[in-house]
Structures are given as C-alpha cells and as structure tokens.
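In structure tokens below, several structures.
In what comes next, chain A is part of two complexes: it sits with chain B in the first one and with chain C in the second one.
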Partner chain A sequence: METFLFVLFALSACGGALAVVLTQNVVRMAFWLVISLGSVAGLFFSLDADFVGAVQLLIYVGGTVVLLIFGVMLTSKEPFTAIKQNPAEIVQGAVVGLAFLAMVLATVYAVDWQSHQAVVVGHEHDGLPSGYNRPIEGNTARSIGTALLGVRFDRDLGKGGEHASGEHGHAHRDHDVSTGYLLPFEVVSVHLLVVLVGAAYLARAKRRRPVSAA
Partner chain B sequence: MISPVFMKTLLGTTIAEELPGLVETLRGNFLLGWLPSLDESGASLVAAIIHVTLVGLFFGLPAFAFIWAERKVAGRIQDRLGPTRVGGRFGWLQSLADGIKLIQKEDLAPNAADRWLFQLAPYLVVVAAFSAFMFVPFSDGWTAMAMDIGLFIALAVLSLEVLGIVLAGYSSGSKWSLFGGMREAAQMVSYEVPLGITAVIPVVVAGSMNLNEIVTLQSGGLQNWILFHDPFCFIAFFVFFTVTLASNKRAPFDLAEAESELVGGFHTEYSGMRWSFFFLAEYAAMFFVSMLAAILFLGGWWTGIPAIDSAVVAVGEGSPAWAYLTRVIGMTILLGKAGLLVFVQIWIRWTLPRLRIDQVMATCLKYLVPISCALFLGVVLWPLVLLMTLGQSTILGEPKGERLPVSDRKVVSVEQPATAPAEPVPATEGGAH
Partner chain C sequence: MNAYLAVAAVLFVCGVMCMATKRNGIGVLMGVELVLNGANINFVAFSKYGLLGLDGQIFSLFVIVLAAAEAAVALAIALNFYNNHLTIDVDQASELKN
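Let's turn to the complex of A and B:
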C-alpha cells in the first residue's frame, strides 16, 4: 500500500514537473505546478511529516501558484499567453537543469543508505514522556513548534532518559542541551519583518505622487 | 447484538486497525463466511472507503439542505413564500428538482475558452472543499483523519478552493469571468491573513491544534467555551465569522460573482453540472466554516449546560452501543450549531448590500488585519495580566490549555478519557500552575 502510494505520488510529482517544462501556456503550467507540488505534499504525508506537508499545501499550492496566476492575469496583454522559446534559451535551460539533476543524483548516490537506514526509518522516541509524540501517526507539529522555540525534546529528553536515574543524568543534560532552531527562527522573523516594511514602503511611495502627474 | 469490536471501529479513528478483527468476528458469529479475510493493506483500503463515503455524505447532504434553506429564507425575507410545491409541503425537495434540471443541461464551453482548464476548474473546487471535511471531527473521535495539526491542514486544504475559481475565471475567455477571477484572487489572498490569525486565537487558548482536543477542553458549561474565555476571544469569534463570509465569497463579499455588475463573475460561462459543482462546493464550504466556528468558539458537541452534558456522557458509559448514542447526540448538537451559523450567513446575504471591491480590500487590510493582530496580542497577554493581578489565569471557567502532567490535572465534572497528551512544559501560558 505504502509502496503503491509512493509510486503514485512520485510519478505524478515527476510527471507534473515535466509537464511544467513542456507546456507553452503559462496558466496550464501553473496547473501542472499544482499537481507536482501537491504530490510532493503527498510524499511528505506518507513520510509522516504531516506539518511540512500541510505547509507545502498552504504556502506553495494555495499561495504561490495563486499569486503566479494572479500576476499573469494582471500583466498579460493577450488572452492565454504562450511562451515561445528560441533554441538558445532551450539549450541554456537544458544545461542548467541537467547540471542540477546531475548534482542531485550525485548527492543521492553519495549517501550510504544501508548504514543510514536506522536513522532514516527508525526514528524512535524512546526517552520521551508518554503521550508526547506518537511517531506512527506523524504528529510532528508539537516537536517542530518546541524546536523553533529552542527546545529539542527529541534529543534532550532522549539523552536524559539514558541517564535518568541519579544526579548524573541531570548534570549531563545541563551542559549538553541543544538550542533547537531558535536562532534561525528569529533571523527569519526579522527578515520577514524587513520584507513587510519594505513592501509597505514601496506601496506607499506610489501614492505620494501628486494627482496631476498621474 | 453488536460486538464490542464493531462498536469500537465505529467510535474510534482506528478503523483500519480494527477491521481485520471485525471481519473475523463477523465471519465467526454471523455466518458471513463469504467475507474475505483482510490483511493490513486491504483493511486500510476498506477503512478509507468507509471514511470517504461518510465524509461524502456530510459534504453533499448539508449542501442539499442549505440550498433549499437559502431559497426559503430568501423568500421569507423578501416577503415571498419561496419554494412551496416540490415534495409536498414547504418545497423541501426543491434542491433535488434543481439538481435534475442541472444534470439535463448541455455541457457548454465557449469557443474562446481554454477548453481543458475550463472543464477541469470545477473539479478542483469540489475536491478542495470535499477534502477539508476529512479533518473535522463530527463528534468526539469521529473524524476521518485525526491529526495534531487538524485545524491548520483543514484551512490549508480549504484555501486550495480559490485556485479552482481563479482558473475558472481565467480560462473562460470572458471579460466578466476574468474580472471575477481577479477579484476572487485579490480578496482571498488578503483575507487569508485575518482568517489565519483569528483561527490561531482559540489555538492559543487551548494550546492545541487538534480539533477534537479543542472541543474536549471546552466541556463543562458555557463559561468554558472559548467564546467566553476572555473579551478578546469574544470579539475574535465575530471577526472570524466575518472573514469566513469573505473567504466563502458570500454576500456582502460576493464580489467574484456580483450578478448585477459581472453577470455571474467567474461562473458566467458555466452551465449544467459544472456550474452546480461550484455551488455544491460553496454550500459545503459554508457548512464547513460554520462547523469550524462552532468547534473553535462555541463548544463543539457540548450543549453548554453541565447537567445535560453530564447526562449525555453518563448515557455513554454503559456499553459501546450507548457510547455510540452519546456521540450521535453530540453530532446532532454540533450540526445544530453549524446550521444556525449557516442560517445567519443566509440571513446576512439577503439583508446586506454588496460592498465595492475597494471597500472589501479596505475592510480587510485597514480594519480586519489590525483588529485581529490586536486581538491575538490581547489573548496572549490576558492570562498573564490576570495572573499578576488576580492570581488566576481566567475569570470565568476552568483554565484551558495549560499542559499539566496527567497526575496534576483537576478533574472537570464532564471529563472525557484523557486524550490530551501530557507535556512537561507549559506550552502557551507559561508558569500558570
């Protein structure tokens, strides 16, 4: 069952991506992009990464593609804009795309999957308190949330669990606690704030022109 | 005579795990030897079919009822009778008559249209609205996909609906449709911001995005409903309701259709079944957001009167069959609340004039977004301020969402078996205990 779903989603992700490249019409491209990105979300779900899958749906499928179509609608001069490439552009695109594909393939084959099998598949949270996270159902939202706030239960509690008895365990935990993703989270927040302020500034600047000039 | 295993599959969300046992029981006890034994993948397939069928019924039947209600209420508000004849009294089969009429119509596509996208767009809309129902609990534990991120993913999936509408508007090859699609895109992209923020407010109060858990925390009386948790939540409910009106493109925010200026907006060129798909999705989405509002703010399947709630829960304690009855009663209550909210939506549509597009955008960006941000801040600060001044984190009701270990939890009068995962660190309202 899982294999079947994986093949289904993988095929539609790759097929959608190919169709994006091969289609001439921009809005049809956007639709194929929806298929491709949605299938990637399906792959996330089948990997028990439900939060990431939902984010993929909300941001990429629901947000970015709608904005893309919106942009096409606002800017196109004739109905159903088609993109015509000249051969040079096709060659350029093919070179860049194939180079990227080669890099991805090289990376995938460079990993020793046999020895990492345990890390990839068997992500068990033995040291966790009961009811905190059920790995089977992929309830990752809570661990992601706490990790963004700087607490890594999956690491720290697991470590504590090994030495839980006695003072040694606590001492071990105190100097070895990871800070999670607090710093990247804050950096991204500030970055987004800057972008928002910049967007607001750009949008305001147009309005300040005197009416006679418009 | 129903076996416990069977009842458990009806009650829990683990149909796939229980099905093989159920099938064996049926084969053994009920002379159903022809039933094939189920392995794990077969069981999950059958469970998926059961879930999809049930969710499909909840997707279609309320839409059926609400289309009739819309016509009837509209008639009454305009001092008419509305449908009176079809199906005997009250015209209650009017939706069926509409449906048969729509099926018979010719499936048209304009010459100027991008035919392929034009025919595909209605399906996108229906699939998005349908999938959103997978994540909503209809009663305690009755949800097709029980997830910790239930609210988030439900809103994410529902937001895909706009994509189909924008594609429909674009591919029709008509000016009216293009304008409708553009308005819809602009409106939806803006209104998702206050929708997200106001939906986070009950999450902050409850400390969970699991819809089932949010309702469980609201047990034990009106004062425990998130609506009455604090003044900010009270206002947030109305902001949420307004925003969902807009996100469902209901009047006064139905700029994408705007019959009087854009003919029919994005669905001008559609006819027959494809046209009806848009409306099926619209009424299903109305019902969906009403149910979401009832779950998030109005106590879900609790009546709000502790005596009745305790009685209903007590009924279910005897045997699995009675527990099933308890959940049916809970579902009736939830559907009643959602139906009431849908009625308010219909009422608003037929009494308020439509806004202009600039007014719609100003309402969102100048008023709703700042209001919802302020409410969010208020909700976060409220328990802290109360703790500093009064020494307790709530005025009315029990404190919610403060993640105590199971051993330290107070037992509320109407308490379900603890489904809330215990977490050693208080999630939102730090230091409350």
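Let's turn to the complex of A and C:
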C-alpha cells in the first residue's frame, strides 16, 4: 500500500512537472502545477511530515497558485494566450534538460547515503538521543510549534537520560542544547510583512495626475 | 530514499528547464515554484531517512513561506511590467541592453 501510494504520487508529481514544461498554454500550466504540488503534498504525508504536507496544501495549492492564476488573468488580453517557442529552442531545451537530469540522477545514485550517514555520525551513533529520529509516525504539529517558539522537546529532553552514564557526556552536553527556531521565525515573519507591504506598493493602481491640477 | 531524491531531481530539472525556456513571465514563476518544491522534497526526505530530524521539516516550512513571499513580489513586478509594456514576454524586457 505504501509503495503503491508512493508510486502514484511520484508519477503524478513528475508527470505534472513535465506537463508544466511541455505545455504552451499558461492556464493549463497552472492546472498541471496544481496537480504536481498536490502530489508533492502527498509525498510529504507519506514521509511522516503531516504538518508540512498540510501547509503545502494550504499555502502552495491554496495561496500561491491562486496568486499565479490571478497574475495570468491580469496579464493576458485573450483567455488562451500562448507565446510560442520555435522548435529549435525546444530541441535545445530537451537536450540540455536531459543531460542535466542525467547528471543529477547519477550524483544521487552514486552516493551511498547509509554509509555516508555512519561516517558523519561516527562512533556516537549509539549515543543518539532517543527523540532524535522518532519511530512514531506523523504527529509533528506540536513539536514543530514548540520548536518555532524556541523549545525543542524532541531533542533536549531526549538528551538527559541517554548521556547520563557517560563520563565525558556532561562536558559537551551543555553545548548541544538546541535553542529552537525562535529567531528565524521572527526574521521570517518580519520578512513576510515587509515583502507583502512592498508587493502592495509595487502593484498598486497608478493614479493619473489630472492635467488641470498642475 | 533514493526514489524520493529521484523525484526531487525530476522536479528540479523540470523547474530549471521551465525557467530557461518559457518566454511567459508567469511560466518562469511556475518554474521557480517547481525548483523550490524539489528542494523541499529533499529536505523532508532527509528529515525522515537522514539525520536532520525535525530540522528538515522546519526548513521546508521556511522555504514554503519564502516561496509565497517571492511569488507575491514577482507577481507585483510582472504586473508593473505588463502595465508598462502591454505584454509579459520576457524577451521584450531589454531596456538594460545598451
């Protein structure tokens, strides 16, 4: 069942992305983008990231794509505009794209991620805190919320019991207490506010100054 | 995990090709969204199978929020460009050429 769902979502994500590239019509591109982003949300759900999947559905599929469709509506004179490329450009694009895809896929499959992970962690693999990579599936909304407020229940509380017996554990445990994501959260929120004010300023309707008033 | 990375690679390459070949400004924006989604899949896949833990999911949340902000600003710029040029073909944006 899990494999079937993964194959379904992966095929629709890749197919949607390919159709976005191949379609000439902007409105159909937006539709295929919805398909692709929705199946990416499905991939997030199957990766036990339920909160990220929900946010993907809400913000991307519900917000960003609607914004893009409004952009399409405001910038096209007739409903089905298609700006054509000539076939030579399409052939060039296909060759470059396939070469690039082959390079990225060769890189992905050349690395043995499991042994790489063992090298990075080294000897401390046994001493990982119990909350580090929890076997519980999903249910990440509360931990993400507390992490955004600066408290890491998944990491800090798991450290205490595991390292308590080690003699050198106490020395570097103080450096390891993570502080969560309060500062990046604030930075992102201020960034979002500034960006939206700037976007509203850029896209405002320009008022023509009446000639008689000058 | 390699399968997830492969899906992310396909999305990334599609987004890059979309950015490079589309002449419609909105199409370029859609390419950017696809690229960011490929990166997000990588983040969440490493958060499950790698050592990132919850950090990968939080990073993907930040990426989603920044993508929304980027789309808003880029659409405002596209609307201004359309108001000035009455087209959204990015090949027409050549004022900076000497």
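One rule holds in what follows: the second predicted complex is superposed on the first by the 133 of 214 C-alpha atoms of A that agree within 3 Å, B and C clash if a C-alpha of one lies under 4 Å from a C-alpha of the other, contacts with A are read in each partner's own complex, and residues count from 1 in each chain.
Here, a residue touches a chain if its C-beta (ideal position, glycine included) is under 8 Å from a C-beta of that chain, and two chains touch if they have at least 3 such contacts.
All values reported here derive from a predicted model rather than from experimental measurement.
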Exercise. Can A:Leu57 be said to touch chain B (first), chain C (second), both, or neither?
Worked result: first
Exercise. In the superposed arrangement, which partner chain does A:Ala110 touch: chain B (first), chain C (second), both, or neither?
Worked result: neither
Exercise. Taking the superposition as given, does A:Ala88 touch the first partner, chain B, the second, chain C, both, or neither?
Worked result: neither
Exercise. Any idea whether chain B or chain C touches more of chain A?
Worked result: C
Exercise. Just chain B (first), just chain C (second), both, or neither: which does A:Asp48 touch?
Worked result: second
Exercise. Taking the superposition as given, does A:Leu196 touch the first partner, chain B, the second, chain C, both, or neither?
Worked result: second
Exercise. Which partner does A:Leu67 reach: the first (chain B), the second (chain C), both, or neither?
Worked result: both
Exercise. Is A:Met29 touching the first partner chain B, the second partner chain C, both, or neither of them?
Worked result: second
Problem set entry | Shared contact residues on chain A - chain B and chain C | 51, 55, 63, 67, 70, 72, 74, 132-133, 140
Problem set entry | Residue ranges of chain A in contact with chain C within the complex | 6, 10, 13-14, 17-18, 20-21, 26, 29-30, 33, 36-37, 40, 43-44, 47-49, 51-52, 55-56, 59-60, 63-64, 67-68, 70-72, 74-76, 81, 83, 85, 89-90, 93, 96-97, 100-101, 104-105, 108-109, 113, 117, 120-121, 132-133, 140, 143-144, 147-148, 152, 154-155, 181, 184, 188, 191-192, 195-196, 198-200, 202-203, 206
Seminar exercise, completed: Counting only contacts in the complex, chain A reaches chain B at residues 1, 25, 27-28, 31, 34, 50-51, 53-55, 57-58, 61-63, 65-67, 69-70, 72-74, 79-80, 129-133, 137, 139-142, 146, 151
Exercise. Which residues of chain C touch chain A in their complex?
Worked result: 1-7, 9-18, 20-21, 23-27, 29-31, 33-34, 37, 40-41, 44-45, 47-51, 53-54, 57-58, 60-62, 64-73, 75-80, 82-83, 88-89
Problem set entry | In the complex with chain A, residue positions of chain B that touch it | 40-41, 44-45, 112, 114, 116-117, 120, 124, 146-149, 152-153, 155-157, 159-160, 162-163, 166-167, 170-171, 173, 178, 181-182, 185-186, 188-189, 192, 209, 406, 420-425
